[in-house]
Amino acid sequence: MSDDHEIRRRVLQANLELVRLGLVIFTWGNASAIDREHGIVYIKPSGVDYARMTPEDIVPVRLDDGSVLSGKLRPSSDTATHLALYRAWPRVGGIVHTHSEYATAIAQAGVPIPAQGSTHADYFHGDVPVTRSLTKEEVEGEYEARTGDVILERFGQNQIDPIAIPGVLVDQHGPFSWGVTVEQAVMHAGTMEFLAKMFVHAAAVAPRQRRVPSFLLDKHYTRKHGPKAYYGQKPH
Amino acid sequence: MSDDHEIRRRVLQANLELVRLGLVIFTWGNASAIDREHGIVYIKPSGVDYARMTPEDIVPVRLDDGSVLSGKLRPSSDTATHLALYRAWPRVGGIVHTHSEYATAIAQAGVPIPAQGSTHADYFHGDVPVTRSLTKEEVEGEYEARTGDVILERFGQNQIDPIAIPGVLVDQHGPFSWGVTVEQAVMHAGTMEFLAKMFVHAAAVAPRQRRVPSFLLDKHYTRKHGPKAYYGQKPH
Amino acid sequence: MSDDHEIRRRVLQANLELVRLGLVIFTWGNASAIDREHGIVYIKPSGVDYARMTPEDIVPVRLDDGSVLSGKLRPSSDTATHLALYRAWPRVGGIVHTHSEYATAIAQAGVPIPAQGSTHADYFHGDVPVTRSLTKEEVEGEYEARTGDVILERFGQNQIDPIAIPGVLVDQHGPFSWGVTVEQAVMHAGTMEFLAKMFVHAAAVAPRQRRVPSFLLDKHYTRKHGPKAYYGQKPH
Amino acid sequence: MSDDHEIRRRVLQANLELVRLGLVIFTWGNASAIDREHGIVYIKPSGVDYARMTPEDIVPVRLDDGSVLSGKLRPSSDTATHLALYRAWPRVGGIVHTHSEYATAIAQAGVPIPAQGSTHADYFHGDVPVTRSLTKEEVEGEYEARTGDVILERFGQNQIDPIAIPGVLVDQHGPFSWGVTVEQAVMHAGTMEFLAKMFVHAAAVAPRQRRVPSFLLDKHYTRKHGPKAYYGQKPH
């Protein structure tokens, strides 16, 4: 992933995939990937129309100080949130932020997405957590960096492994997701939206909220992840 | 925007975009733009199939008295509502009316769309208000002009800046939106529909209605609007 | 409408339009039109794939006794319902039956679609009514003819003009709609589905059901229908 | 159905149809068909992208012991569930498993899909049942085979004919459906999703759950199935 052109192509592709999956309307979303070797994060430019975006429009910023390395476009306004997560979580290779319809609605309600079934357990080893609200001082200061901080605070407090729970709802804002690759981060964004939809639908017919038992969480998660995984094809 | 052909092309494009965004089915919607220099409003013809509409079908009407300036087609039956808003609000350059599914449902419920998150705050600096019901006399008289009046009454009573809150729900009818340009008016129509969807979804899982604090409203709004905006690319 | 080929083409087109509008999945729907001069109803064949249907597949049946006039295909299993309505209502020129998602759900709930806004009033001059349940005897006998009877019973009891209320929900079954032409019947099917969607969405945020006042019903209806109509273009 | 290539083509087609019908996103679903003569089940490979799947990728496994007969791809991780049902139910020719949005949400809620209307009765001669939860021992052991067992347990306890009720919700997991052919199994998957959607929508406007009387269940079912069927065209 050290090849500058290849990573730009993948980040562009990930951003377009968000639109194709119906997770992003207008310009409401962004995907990034990191080149850990050189400490460079590649992210969507701010407010640019997806239909006209090229690999050259993807903005490279330094992981350490967020400065733009080349090009004339501003990076996504959410860049500081991405950087905070990349700095804290060395295994994360890609990050996605959307305002996808159902996940954002749940974030606005301020509740977690409960682990209600095997679809959830296949990708999230427990509830998708929701952060606390940001304070007035946090919002009026370095808002996007502080958004990263409340995510990290939530994962730290509950001792959550970000690889096992690859997403979060930021209260009154919306979903962030991530993965070892940016393609995984996109898939986790799509999965979160799907889980949010099912949460809403189930609430209509069964007001009492149910959760899967921990052994089902473990089974589905280990069926897909780790040394005992048997879902999908063997790696080549 | 003084070029007659160019403004017709843009108004046609805006009307087609409403269909493409899923905000209009059948012929249930209309978009207009104003040429302030000549005092002419260009609006969709009434009840014409979108698939066959050309720039020449867009109807130019006088801002002052609503008379049709050229062509054989009738303007949208909602023209008088558009004119009332253009007359009262000199900064508005484009207006859109739709019967989009969720926003219209909320209008039928007769409640505002509460400001529940950052998606809302990015475009609307507070709740999307709902008008009062029209009286029997208002409905039976110049109904469409009176529809404009109750919108203006609502914004006047609450001292709302129409540029900061670029949309409204007319009680038991549906959404109107506007902007400095007709393209903005379309985007605000799409945003209102999206906010209405999230309002419905959030209600399913969290009956207690939440609103964002005013400092979050201010932050997101000023991030995108005014001299301190840092969302999107710098204007050329 | 006496030209056999032209009416077949229109009925085929109407059936395909139901699919295009998302009102029919699989083969769950049917549209018909009547040639009043010759007393012939043209209706979709039963259980035939839409993708392969041609004008020659449309089945002509006699209005008086329902016998098939030509061709080898069986008419829609709902033909007797269509015939009952055509016989009772001489102004009706086309009929549509679907299992569209939301309208059918409301029919399963067994409640009318309340007139909650101007979108409703533009096409339905009052609630979309729901029939009573069929009795065991009615279901086990000539079921489809009896389905027509309970529709007629409902309109007769409430003295409803079928042109002013061009649709109904059959309890625990689904929507039927009609119009002066089959194209109108299709549009009314689409409108009923849209109204049903808004009914469901509004219920989520405002449990108390509202209805529009009669003067708004009258205004919107007469704006589109009758001698004082001013929506759409003047007839040529 | 003994021709190896033809059955591979049909199983591929069935899997692609699940995507086209919106029942499967990502790789979340699988369809299989059985060659009863040779005791071979043909099933989707695990975790392979639908866009690149060819008939040669479909995996043939032995009905008796589940061993793979040819090729290098692993069969779907749910293969043991399919096998359990094929072994118990000799009339079943095709099986489908999806995580379709609404049916899965109802499975997560842990309730059956009630028979609320004629759409339901046309394909399911009673409620779509839900299984009991699997125990810790069942989940940690041969999980997928046990999933088949709880389905069979549910049908055995309630003495349900799997041809008359061609689908089930596995608690906290999702829907399985089947049919005499794999094409029927796909249609039943689509029908279950549609019924689940209507269940959710009806709950919004009428909290009290209704069910159709048994004579309506019988009428619609026998209208489509068995010697007295009169829906669709006569078999050639």
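Labels A, B, C and D are assigned to the chains in the order they are written; within every chain, residues are numbered from 1.
The rule is short, and it goes like this: contacts are C-beta pairs under 8 Å (C-beta built on N, C-alpha and C of every residue); 3 or more make two chains touch, one makes a residue touch a chain.
Bear in mind that the values here come from a model prediction, so they are computed numbers and not experimental data.
Path length between chain B and chain D in the touching-chain graph (shortest route): 2. Rounded to a multiple of 5, the C-alpha superposition of chain B onto chain C involves a rotation of 90 degrees. When each chain is reduced to the average of its Cα atoms, C sits farthest from chain A. Of all residue numbers used where chain C meets chain D, under half belong to both copies. The two sides are thus made of different residues. Chain A and chain B have centres, each the mean of its CA atoms, that are 33 Å apart.
Per-chain CA centroids place chain A at a distance of 46 Å from chain C.
For chain C, the set of residues touching two or more other chains reads 199, 204. Shown here, the protein chains touch around one cycle, each chain meeting exactly two partners.
In summary, the structure contains touching chain pairs A-B, A-D, B-C, C-D. Chain B makes touch with chain A in their complex at residues 21, 116-119, 187, 190-191, 194, 197-199, 201-202, 204-206, 210, 212-213, 215-216, 219, 223, 230-234.
Chain B meets chain C in the complex at residues 25-28, 45-48, 73-74, 77, 99, 101-102, 104-111, 133-134, 136, 139-140, 143, 172-174, 196, 199-200, 203-204.
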